[in-house]
Amino acid sequence: MTGKPARESVVEMAEVVLPQDANTHGTAFGGKIVQWIDLCAGMAAARHCRLPVVTASMDDLHFHAPLKIGHNALLTAKITAVFRSSMEISVRVMAENPLTGERSLCTSAYLTFVGLDAGGKPAEVPPLIAETPEELDAVARAKERRAARLSRAEQRRG
Amino acid sequence: MTGKPARESVVEMAEVVLPQDANTHGTAFGGKIVQWIDLCAGMAAARHCRLPVVTASMDDLHFHAPLKIGHNALLTAKITAVFRSSMEISVRVMAENPLTGERSLCTSAYLTFVGLDAGGKPAEVPPLIAETPEELDAVARAKERRAARLSRAEQRRG
Amino acid sequence: MTGKPARESVVEMAEVVLPQDANTHGTAFGGKIVQWIDLCAGMAAARHCRLPVVTASMDDLHFHAPLKIGHNALLTAKITAVFRSSMEISVRVMAENPLTGERSLCTSAYLTFVGLDAGGKPAEVPPLIAETPEELDAVARAKERRAARLSRAEQRRG
Amino acid sequence: MTGKPARESVVEMAEVVLPQDANTHGTAFGGKIVQWIDLCAGMAAARHCRLPVVTASMDDLHFHAPLKIGHNALLTAKITAVFRSSMEISVRVMAENPLTGERSLCTSAYLTFVGLDAGGKPAEVPPLIAETPEELDAVARAKERRAARLSRAEQRRG
Amino acid sequence: MTGKPARESVVEMAEVVLPQDANTHGTAFGGKIVQWIDLCAGMAAARHCRLPVVTASMDDLHFHAPLKIGHNALLTAKITAVFRSSMEISVRVMAENPLTGERSLCTSAYLTFVGLDAGGKPAEVPPLIAETPEELDAVARAKERRAARLSRAEQRRG
Amino acid sequence: MTGKPARESVVEMAEVVLPQDANTHGTAFGGKIVQWIDLCAGMAAARHCRLPVVTASMDDLHFHAPLKIGHNALLTAKITAVFRSSMEISVRVMAENPLTGERSLCTSAYLTFVGLDAGGKPAEVPPLIAETPEELDAVARAKERRAARLSRAEQRRG
């Protein structure tokens, strides 16, 4: 299977934070931000493998700062590593103040998606071609996260 | 007031068309697509003038082809011309088939937004700097559309 | 094909503007108003032709005044002209202050819908019978708008 | 306080039943229909008293027939009786098949709304002027329903 | 058909009242509360009969007190009586102040659901086994409500 | 500050999976499930500390099996450990087939919430009283997860 560079599946998404997205503190509801993250990561995963994909897990989802109503949420999803039928995707959400243009990190997360064949079973996906030092480093860290994830999963079962 | 190039306020937005966005034909509901167009154009207008903005009008909104559930909607908003306190914005919506990567034009529209001062009154916005032949041509056509719009408005009143 | 008078397909719709319909200025979000306009016009088009219909375009959509949260939106859709398989529909949205009963025009638009046959192809729709001087005048203006629309479309392509 | 005829506060509302309104049987979700009923009755109540209003109760809400996705819901709300600060409103929901124009009763209900003064306390509302035999009959039946309602409420407490 | 105790189908549901659930008074929109009530009662009905179910009617739906944004809605649905193919369900909605833990009754209602066979026709459902004095009393009152409901329905037709 | 047993803040939530919650595979959209998880965990956190709370992070969010439209989602949130101003909450989502009553694990996650004082700054929350061997074990594992989380966070910065 031919590999595919990470840059080919990058997805950029922009959303206006509307009053209907508010939590009871008057900032964006966490569940809504995660919904955008899930969609953005899913688009990147599908662009990489050109298969139907499903979310398998989310990790290290951090809400660094609240997202204000009326501000924009700018999401970027990028594949960090591929493991046979699963893909780890990094999503970063920047808050943009529309009146000043100022941007700051508001949420970040790692998601794992699985590509599916016609029968709904996990399917092999193209290997990832890491082209820059940052991309190579991302692969290494994704492997560590995956090892930690599997060891935690084993611990839960054991 | 210092001018601003059109490229500085371009907005790119990506949306997954979900079952809850469907009309009764099983494709994306027109009203939902227009909602995305309005938000995307509004973000571009705010980036140009860094003021609160409101939609004043929409024109030449064409649904060229239906947008299928499960496909992605990729929107691009770009300022075409500026008229003292109003900005005309062109929005193009491409449909992306996630399994093939194929893209095709599904909707296009021109919107006019107005920048507002602290009292909610129309405020002067930065002139547009058209840098390419396409951008200069866009300004010329925007002027024609505006003239036609004003003449139709007069006709309605008269 | 037997003609049908414009009054037989008029649709009246009423909506309460709720907090979840708000934009970041605390008035109704433009995209939401357009959604109501699209649904109201679609009901009128379907009543005229008794076929599945799809939105082809929107024009001269003007937001004359903001619509306040807690006020009512009263929409009226009326066929203005019929062109073989397409229908132009005028929609007017009045804002009603529920505490005073005062009404004022807040949004207006012209939409073009197409009737579809069983195979999803454009189908001939009943001619429109204009019965009043206003209805005859509406047909004349609709023809002018259509000519302008087609000439603008040609210009875009050319 | 001057009375007001029932016909002056009648509200007509039209909604398209969209796929996102569906229950798991593929027809309109009961909760969604009740939401429309509540809004329609509230508009009628506010038109009668020109005060902020709140829903106090709903009774005899019957789902006579399912409402199909793609059909229209046509609601009519009419004041049946007034009791100092409360108003009983009858709402009938007709289903319209857009391809045939056929209409049939799908849901009906009686709602009681209360008018509120500036402090949020129940406020006296204009008496109802029943003008037709049907309206006089409606008042009589509303009184019976109110008596039964109060006796059931007492029973619950007692 | 074997009977089933009421306690086996009790459903408890908890919802946070979010800003998007607000009416124009800044408390939860009645239509939204009814939507939760309908879902909660439907879950209880399905647990009792293990069949697809539809809402047939709602009665004595009382809004005792407003439900504040940011508070929790705690719903409890319990079968009160069974009549061959229909089930009466009592739903009580308590408001919980998250900062104090204080709870108070905000809404209550009786709903009637019907179990459906594979062809969508009413199907016999398991009899209810009332085990406590309260449950026996609930059955008796449900019978009275049903008799009153049928007599009112007859009156409407007659 | 007086401690509080874990059982006092347990939250149980039930949701019907409706067609509008579907992803493009016809099962519940991951973003929607996470929204329910966030709300359920937030209710438990607020019950523990009786303060406004915000989501700080989510970890080990696993989608074990898809959740079908028409099935019920039964969520349970329970505090696993408290660290001065933050609380770790475990949420488990069971899928219930309404026709058989069968239940199976569909999603699980750990969330960290922070209690806020009147100025919006992190506030000390009551210590957790673990009463059973399972609860004591949960505290131990939560400490390990927290250590791993902090070490990963340091790695990202370093």
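Should a chain be cited, it is by its letter among A, B, C, D, E and F, assigned in written order, with residues numbered from 1 in that chain.
Heads up, the rule we're going with is that a contact is a pair of C-beta atoms (placed from the backbone, for glycine too) under 8 Å apart; a residue touches a chain by one contact, two chains touch by 3 or more.
Treat the numbers as computed from the prediction; the structure is a model and nothing was measured.
Trainee: Counting one step per pair of touching chains, how few steps separate chain C from chain F?
Mentor: 2
Trainee: Have a look at C-D, B-F or D-E and name the one that copies the E-F interface, over half of its contact pairs being the same.
Mentor: Repeated interface of E-F: C-D.
Trainee: For chain B versus chain D, what separation do you get between their C-alpha means, in angstrom?
Mentor: The mean C-alpha positions of chain B and chain D differ by 40 Å.
Trainee: Would you please write down the residue numbers of chain D that are in contact with two or more other chains?
Mentor: Those would be 16, 19-20, 23-24, 29, 39, 42, 52.
Trainee: Among all the chains shown, which pairs meet the touch rule set out at the top?
Mentor: The complete list of chain pairs in contact reads A-B, A-C, A-E, A-F, B-C, B-D, B-F, C-D, C-E, D-E, D-F, E-F.
Trainee: Would you pull the chain C residues touching chain E in the complex into a rising list?
Mentor: 16, 18-20, 69-70
Trainee: Any idea which chain D residues touch chain C in the complex?
Mentor: 11-16, 39-40, 42-43, 46-47, 50-52, 72, 98-101
Trainee: Would you mind writing out the residues of chain C in touch with chain B in their complex?
Mentor: Chain C reaches chain B through residues 23-25, 29-32, 34-39, 42, 52, 54-63, 66, 109, 141, 145, 148-149, 152-153, 155.
Trainee: Could you please specify the touching residues of chain B with respect to chain D in the complex?
Mentor: 19-24, 26, 29
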